[in-house]
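Each remark here refers to the structure printed beneath this line.
Each chain gets a letter, A, B, C and D, in the order it is written, and its residues are counted from 1.
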Amino acid sequence: MTPQQGAQQTLLSASDLYCERDDRVLFEGLALSITDGELIQLAGPNGAGKTTLLRLLAGLNRDFEGQLLWHDVPLMTVYPEYAGNRLYMGHLSAVKKSLTALENLRWLTAQDRPSEKQLWEALEHVALAGYEHTPCLQLSAGQQRRVALARLKISRAPLWILDEPFTALDKDGVSWLEGELQAHVSNGGAVIITSHHALEGIPGLRRLELGGVV
Amino acid sequence: MEFSSLAEFIAMGKHGFYVWLSYGLTAVIIAFVVMQPILHRRRLLKEQAQRLRREKRNAPSA
Amino acid sequence: MSLVRATVRRDLLLAARNPGEWANPLMFFLMVAALFPMAVDPNPEFLAKIAGGVIWVAALLATLLSLDSLYRADVEDGSLEQWLASGESLYAMSLGKALVHWCISGLPLTLMSPLLGVMLHLPEEAYFALFISLAVGTPVLSLLGAVGAALTASLRSGGLLLALLILPLYVPVLIFAASAVYHAGIGMAYNGQVAMLGAMLALALALTPFAAGAALKLNLSR
Amino acid sequence: MWQWLVRLYHRLGSPKWFYEMTERWIFWLALAAGGSAIVGLVLGLLYAPADYQQGDSFRIIYIHVPAALLAQSAYMMMAVAGAVYLIWRMKMAAWVAKVIAPVGAAFCLIALLTGAIWGKPTWGTWWVWDARLTSMLMLLFLYFGVMALQQAMESEEASYKAGAILALVGLVNIPIIKYSVEWWNTLHQPATLKLTEKPSMHPDMLWPLLIMIVSTYLFFALVVILRTRNEILWHERKRQWVRKILES
């Protein structure tokens, strides 16, 4: 998976996507491809199908027409491998309120098998040092979001698919996450993101407008 | 004194098993009822002191 | 498999943090069984005859009640999404969930059943049959129920619907288990019934996780 | 007198005052409860004469009856504390109501277990659906209901209110349950052997019982105070005065 110098390779490509929901065509003939070092921001009004497209690209939504390729192979035929190489975070952060920050992060990153030390460091990174053993019930919404985001520090997946990751974050959190995205992209990773937040100054940033025309 | 020897006291006139089972179970439950708040208090004090130290540590940097 | 293992661990931890999760069905079990002597007849000879059946009906209802929440929280907080995103086998995941459910519902029910046996004057010869039938039968209840729970996880009023879906599927287990306890009580052999329960368990272990896994995918909101 | 009561009420409503006052009470309460228990048990187990019918198994009475009495009055106290919280919004009352529930349930369990054990030599069976045991069992269920409800609520305030409402409904229901169970019981098995009913007890039997009852109530007060203090510490943890305790 290490990209050769100069020669960028396409990680994920989609062509001729067609999807409708409740008798409404969300997108038709949509094509998209992402190579390493790129960040694609899906934009568009509410209900334009950003989340639907994101889940479709993540392989969670199979109710569509068109082609999805992971390294030029149909995605569904190599789904377990794909799943190991892309990190998906939805609106819902899968954080259990009665468990502590550490226990939640341990579950979220179970597939990466991090060491105890890595978990603590990741929590420290999201400014949750000292809250490791605090039940998430007692954390604010933003702090709970940070628990979920701490897995970005641990994951080794080259492709990140993030749905509105900036929700509930404060100013420090937003700039931290922007830094993380930038670092990931410049290390040869790729990101597909939906966000109403204006991302700026990230090399390789592309915006994809959805919806508007029905 | 109703009993003339310790053995007689333990035997409780053939009902020893029932009497001592009752008293034993009661002792276990009572011990639990008493120990729980004491242990809880100890844990509470420890956790909160920890939180206080943490807040003090984080306060100057924030 | 690492996420499956982590989920099993997390669910056990959750049960330890929220004792209501396993204690409430247990209390329900006790209460339902206590209703029968009050509604019918507290006469020991009479109770001895119906004890096995009453305990089994109570165990069945208690299991059913605790099933409702099996997948609901995971659907609501996004854990389900993460399972699907992980690419791990949903068969293993639903098997793991069902086994955890048994550990926090069926197992405590089995362990508590002798107490109910005493209260309902179960014949002494029937205790072992009661215990073994619960130990083999309640995992089947958990496994079958997990399918129903997966089907109804994202429905708001899933509880009653779950009961309607699952109760007919519980009938065979109830018939063989209650008959095992009854036959043991009147001093007859009951290994045939227990063998039937064992066969049902083997079948449920092999098949229901597929159905539950498939049903789980339906809960992914769009 | 009235003013004194009002003052006491306001003081009791102040967690800090309660916490500091009870600091001194704990030792004496523990001493009184423990001392009276020792006296009561020595008198009851060693000096009280054996029952002419039941023999020595009747000595279970010295835990069974106090536990049963306490389990019932604890429920009443819990409901009253809940009502005080509902009417005057006194936080302390809510905490007291919350901590009474598990203690009351524990005593209810003791009463049931000792009753069952006592039943074996007396009736020849561990459990009989007798009116007293059955209504005690229902009381245990009521306790569990309150505890489960309090635990299930996510918002603390809601859990106090819900628990208080349920406790009050239960309180009204207790006599109804009791009488209906008795009626049901006479319908099915008239004139069973009673565990405890005795027209007149020998004073040597009676005194230890009275001492044990007092001891149980003292013990209950002690445990409720210990638990309430924990609740206070937890809820007031951000206050200055608790910080001082934590730092010392």
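General observations
Assume a residue touches a chain if its C-beta (ideal position, glycine included) is under 8 Å from a C-beta of that chain, and two chains touch if they have at least 3 such contacts.
These are the chains along with the protein names UniProt gives them: B = Heme exporter protein D; D = Heme exporter protein C.
What you see is a predicted model, and the numbers here were worked out from it, not measured in a lab.
For the pairs B-D and A-C, the larger set of C-beta contacts lies at B-D.
Taking the CA centroid of subunit B (Heme exporter protein D) as reference, the farthest chain centroid is that of A. Centroids built from CA atoms put subunit B (Heme exporter protein D) at 50 Å from subunit A.
Centre-to-centre spacing of subunit B (Heme exporter protein D) and subunit D (Heme exporter protein C) amounts to 17 Å, using the average Cα coordinate of each chain.
Taking the mean of the C-alpha atoms as each chain's centre, subunit A and subunit C sit 38 Å apart. Here the CA centre of subunit B (Heme exporter protein D) is 34 Å from the CA centre of subunit C.
Not a single residue position of subunit A touches two or more of the other chains.
Residue numbers of subunit D (Heme exporter protein C) whose C-beta contacts span two or more other chains: none are found. Taken residue by residue, subunit C touches two or more other chains at 18, whereas all remaining positions touch fewer. Within the complex formed with subunit C, the subunit A residues making contact are 21, 52, 55, 58-61, 63, 79-84, 88, 90-96, 98-99, 103, 106-108, 110-111, 113, 135.
Subunit D (Heme exporter protein C) meets subunit B (Heme exporter protein D) in the complex at residues 45-50, 55-57, 59-60, 63-64, 67, 102-103, 106, 109-110, 113-114, 117-118, 120-121, 219, 223, 226-227, 229-230, 233-234, 237, 242-243, 245-247. Note for the complex: subunit D (Heme exporter protein C) touches subunit C at residues 116, 125-129, 134, 137, 141, 144, 148, 151-152, 181, 184-185, 188-189.
Partner subunit A is touched in their complex by these residues of subunit C: 2-3, 5-7, 9-10, 13-14, 17-18, 73, 76-79, 81-82, 84-88, 220, 222. Of all the residues in subunit C, the ones that touch subunit D (Heme exporter protein C) in their complex are 18-20, 23-24, 27, 30-31, 34, 37-38, 41-44, 118-119, 121.
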